[in-house]
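There are two complexes below, and they share subunit A, which is joined by subunit B in the first and by subunit C in the second.
Right, the complex of A and B next:
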């Protein structure tokens, strides 16, 4: 049966619709043909599917063919059985007769002869040519027709219908349609049943030695084709799915060595959507088919049906899985296939699938979920294609132009190199190409990173290509690295990511033009590129792909097209992370082309994503690129912001030297000729908090000082030209904010700094810290960020809420100090004596306080003695205060009085103390030393004492 | 089978809040970038998948050559990926 494969495919391709044969007994076809053909295609034809359920086919195409037609006549009986799908599904017998005798003697026997073949589905259309005005003729026609009905129709089956040419009955055409479709349905059911029986028999023999997959295939595909012709695509698809399953079961039977295929020119161009790529008889092998071609053929048949079912999404979905699994098969046969066959096939397959699915896909026709999933698959296909394309480009020397980004590195560094049996060798007479490649390698020095960042470049290769290529060459033994590296010692440890082009840079022994010896010595990198390029030219037959790898410009164009395609589809599928990451790759290309504006926009999107989600390792990779763009674009605000963001990142992500470079850029710009002051939020870099412990307490009207801790994230000292800190009243938000200013420059050291700010008198209430603002040159910065205890001590970094702990409390006016006399006895006239004033601070610090003493008339401070002060508790320890006399100075501190004012010592600011004032009551009338109660007014003196706490 | 693993906890706001590299092999220098990139990208898959199942352990949701991403999603949509 396998011999019929070629014929089978030809017939299959030439017949794609159902055939209805017309037995024109009375030469009527030319008359009725037009009317019949107008019924095509049949609308809402009711057929049975494989599970014998009724299905309405919207449009069933068919063709009327006369039985005398050559197409139906020249068939051999055995072909009928093999290619049953092309046999007529119904036979219409066109007759007319105007005479009853004629009917009986001529027509009836003839008709009996025609319909004796029971296998055919037939019915008779009696055409009446009688004019309606001709009653006799009409009557005769009716008679003949009724006789016909009696002879050929049965109770079970109505097999006759009558067409009046001059005035067709209204329901004739519906009746005709019904009868045709009924015949088709019956034929279809019978044929399906037959094929199913045959297939069942064959399936049972599947594990027997006589099993022949080709036979099974022809039957199975015939059945699928029968369904396809009947527009029952769903059933046809199921047949192909079963066929695929059966093939995969039988193809890998152990012990049977089969050719895989894929060795012919042009095979690298995926044919997964082109079922007619190769004739089936060319890919047959023994009792089965070659895997390489046949699996693609089956997928092409399935996808064709899926497209007919308007399910491009499913084609993409199945296609992606198919490419992945087929790629694995290609890997296992890699050693016999042409160089990089797998990569090239995946590229062409992905592109073909993307092209076909996107052209069949119409937006808005499917549910949102399916739409998202479709774009996700398209994105995956683009990504896959992009990845393999990058690998090919790397092999021919464009690797230095590939961005060493996390996405490229993650994809390429874990993707193994191709494993050909023997790595391609350099062709003869390729010296000029090698020189060109060497020149390209030398020119493509890696772009130094901005800010002098010396990060180790991310690898794009699983291992050094130089080593891999030379290891796989037949004539070389592996491992002699010194030989490979032109006899030069290698600095440091060789790691996959460690400057892959070192070897090419240090060519000292190479003699351009002398390539004959390249068989024996290791190939240099440029030679590997040239060898790979030549090998790829042999592999690739697709002119577009060859063109895309022919020059750097063409490569970049294709690379950009694939990256954009992937990014665009990922965005549409709401996979923003995948999309934005690829936007970053587009930005890198834009940057390389000097299109900094576009690059900056894309980089901003990437940075916003990483920063928003807090993936700092990834952000640290991209942010310097954005900063560089902004610098080139003279976007001062953006550049400053980027520098600050770089400084705010985790310290471990950059070297201190690099962080210093960020800071110096900030300072340089701040002090440069910026046209306008640039506002900048440095909340992540400068944080602040009040002192730990209780808030500062002040009384209404009192000035004070407030010390604030400021944490600087800058790596070096930084000078702030001015600093403002707002205090927000907690009791009344309408009150606005009070700004504390420090106009003198403040130098912030890295880490914690404590600064003291003068606090002007405030209204009573509680205050919390608000916003820190300041200026560095022309840079106006602002920080909202509170530190709970400094970044180092903070372990609760999940908590971002604003601390509400008041830093300052200003109280209402109240007595702040209690002054009472220590002695209430009478004074001796004209005798110097000590008067004690007990000073008790009432929850208030008397630091810097000044006591004004006004003695009043008749009392004089004895200035020859110093005023003394001692702790009140010391005084209480003494047996009696009355015993105190001038000259006793236990634990006393001398104080000076000037113009009736005494400055309080610091030690007495918080504790109760006694101030001893030497006084003398003066009276001209009384003799010295006499005692009198006349100076009771002395108490009043202290009432006038006034404390001032000038702070 | 990879002999290195990266364990990461991602908050419901997609912010990584804990990260640990475990494994017996010598760490690749770019491992941090690699793992972060792969796990970050895997969140796209998680966001779709998490709502389609009532299971908390989503098993292997993504594969990057020999690196496999598996995710456990808590009721509060905190992700534990490795």
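Right, the complex of A and C next:
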């Protein structure tokens, strides 16, 4: 049966619709043809699917062909069964007759002859040519037709219908459609049944030696094609799925070694969407097909049906899995396939799949999640293609131009090198190309990172290519590695400090003619690149791909196209992180081209992503790039904020030297001529909190000092030109914000600093720390706006916030001091005597306090004596206070009175004390020394204490 | 071979990430773990797709690439455990078991009264325990 493969494919490609044969008994076809063909394609044809359920096919294309047509004649009976799908599904017998006798004698026997073949589905269309005005003719036609019905219709099956040419009945055409579709349905059912029976028989033998996959295939595909012609694509797809399953089950039977295929020129161009790529008879092997071509053929058939079912999403989904699994097969045959066949095939397959699915895909027609999933798959396809393309580019020497980013490293360094049986060797006349590659290697030095950041570069190689390639060369032993490396840095671990020696340029090996002996010595890197390039030119037949690898510019263009494709699609899917990360790769290219604006925008997105989720290690890789863009673009605000962000990252991520570089940039910019003062948020770098312990307590209207802890994340000392700290009242949010200022420069050491700020008088209430702002040069910075209970740790993301603690309490007015007279006995008129005042501070320091004394009329302070003061406890020790007399010197301190004011000594600020004031009651009437009850006490008119901290 | 294990907090912030490769290439694994959160998010946000897996902590294979595999595990508190392995032929039950041990070790680590919830796990004991689990996994899957 396999011999029919070629014929089968030709027939299949030429017939794509159902055929209805027309037996034109009475030569009526030209008359009715137009009317009949207007009915095509059939609308809402009711057919049965494989599971015998009714399915309405919206548009069923068909063609009427006369039985006398060459296409329906001269077929051998065995062909009929094999290619049954092209046989007519219904036979319409067109007759007319105007005479009963003629019907009986001529027409009826002829019709009986035609319909005796029971296998066919047939029905008779009686055409009446009688004019409606001609009653005689009309009657006769009716008679003949009823006779026809009696003879050919049965109770089970209505097989006749009548068409009046002059006035067709309204329901004739519907009746015709119904009868045709009914016939098609019956034929379809019968044929499907037949094929299924045959297939069942065959598949039962599939593990027997007689099994022939080709036979099974022809039957199975015929069945699939029958469904496809009937527009039952779902059923057709199922047949192909089963075919694939059966193939994979039987193709890899152990003991039967078959050719894999894929060795012909052009095979590297994926044909997974082109079922007609190769004739099937060319890929037959023994009793089956070659895997390489056949699996692609099957996928092409499946995808064609899926596109017809309007499911490009499923093509992408199945396609991605297909590429991955096919790529695995290619890996296992890698040693016999052309060099890098797998990589090239994946590139072409992904591109073909992306092209086909995106052109069939219409936005907004499917559910949102399907749409997202579709874009995710497209993104995956682009990524896969991008990865293999990068690998190819690396093989030909563009590796140094590939960004050694985490994303590239993750995919490339875990992707094994190609494993050809023998690594390609260098063609004899390639000396100039080798020289060019040498030059390229020498010229490429990794771009030094901004701020002088030095990092070990991430690998793009699973192992060192030089070693891998030389190891795989047949005649070569492992060799002396030093000789191989030739004193040059190993590819992939080129560090800026380890630049290739310029002496390597003048190398004797570069002399033409020396290459013939190259087979015996290890190849150098440049030679490996050239050899790979030549081998790839043999592998790749696709001119576009060849062009993309032909020069660095072409490579970059393709690389950008693939990266953008992947990023765009990921952005439209659930996988935002994938998209943003690839944006970063695009940014690197933009940067290289001097599009710093574009680069900065993309880098910003990447940084925002990493910063938002606290992935500092990754952020540390990208942020310097963003900073560099901002610096070039003169974006001072952005640059400053990037520097601050760099400083606030985990300390271990950068060397101290690098962190100092960030700081010096901040300071340099802050003191430079900035166009406008730039506000800067340093929340993560400068944090502050109040002192541990109880809050400072003050009374209403009192000034004071407040000490605050400030943590500096700068690696070096930093000078703050001014500092403002707000206090927020907890009782009143409207006017509760008070600003504390320190206009003298403050130097912050790295780590904890305690600074003291003067506190002007505040309203009563309790206060918490608010915002810390300040200036470094022209730079206005602002820290976080809440007080933290403890020091901000390096990863203050998600910092555990403690409840805000009051730092200052200002109390309502209350008595702060108690003054009482030490003596309440009567005074002698005109006699100087001591009057004592006991001063008791009430939970309040009297430091710097001033006592105002106004004696009032009739009493005078004796200015010849100094006022004295002693501790109250000392006084209590004495036997009696009345014993005191002027001039008695005890443990007393002299104080001066000026304008009725006495300054308190510091020792007396916290303790109870007694102030002795020399007074004399004055009276003109009374003689000196007489006693009077009227002046029995000292009039303390007014006493006023004030803390002198603001003096 | 397990090349990387990671714990990611409920705000997708890394809590612990440890790679087991020889080279100085941990950053690429940071990238792999970070990007795998896309898949975790997708599964969590589309319960329809995950279907019966909804109540299951083990998320299964997140990432079937050609050269490495990423598995995920999601706790009730939305803490994610990620495993990156280059072993392409790996049993699901083994991975499940690994995550269970990993989860237990995590619970012990965060139960330490000195650990601040939401902060990175810096405990050396925890790191040692994870190394032991990873080594044991290598032995069991190899054998």
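To be clear about the criterion, the second predicted complex is superposed on the first by the 767 of 951 C-alpha atoms of A that agree within 3 Å, B and C clash if a C-alpha of one lies under 4 Å from a C-alpha of the other, contacts with A are read in each partner's own complex, and residues count from 1 in each chain.
Convention: contacts are C-beta pairs under 8 Å (C-beta built on N, C-alpha and C of every residue); 3 or more make two chains touch, one makes a residue touch a chain.
These numbers come from a predicted model, not from an experiment.
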Subunit C versus subunit B on the shared subunit A, clash or fit after superposition: clash
Touched partner set for A:576, first subunit B, second subunit C, both or neither: both
Contacts of A:327 with subunit B and subunit C, given as first, second, both or neither: second
Where subunit A meets both subunit C and subunit B, residue numbers: 406-407, 409-411, 413-415, 456, 458-459, 575-578, 581, 610, 613-615, 617-618, 621, 798
In the complex, subunit A residues that touch subunit C: 324, 327-328, 369, 376, 406-407, 409-411, 413-416, 456, 458-459, 574-578, 581, 610, 613-615, 617-618, 621, 793, 795, 797-798, 800
Touch list for subunit A against partner subunit B, complex: 372, 406-407, 409-411, 413-415, 456, 458-459, 495, 497, 570, 575-578, 581, 610, 612-615, 617-618, 621, 798
Subunit C to subunit A touching residues, read off their complex: 9, 11-14, 23-32, 34-35, 37-39, 41-42, 45-46, 48-49, 64-68, 86, 116-120
Partner subunit A, residues of subunit B touching it in the complex: 11, 13-17, 29-30, 32-34, 36-38, 40-41, 43-44, 48, 64-67
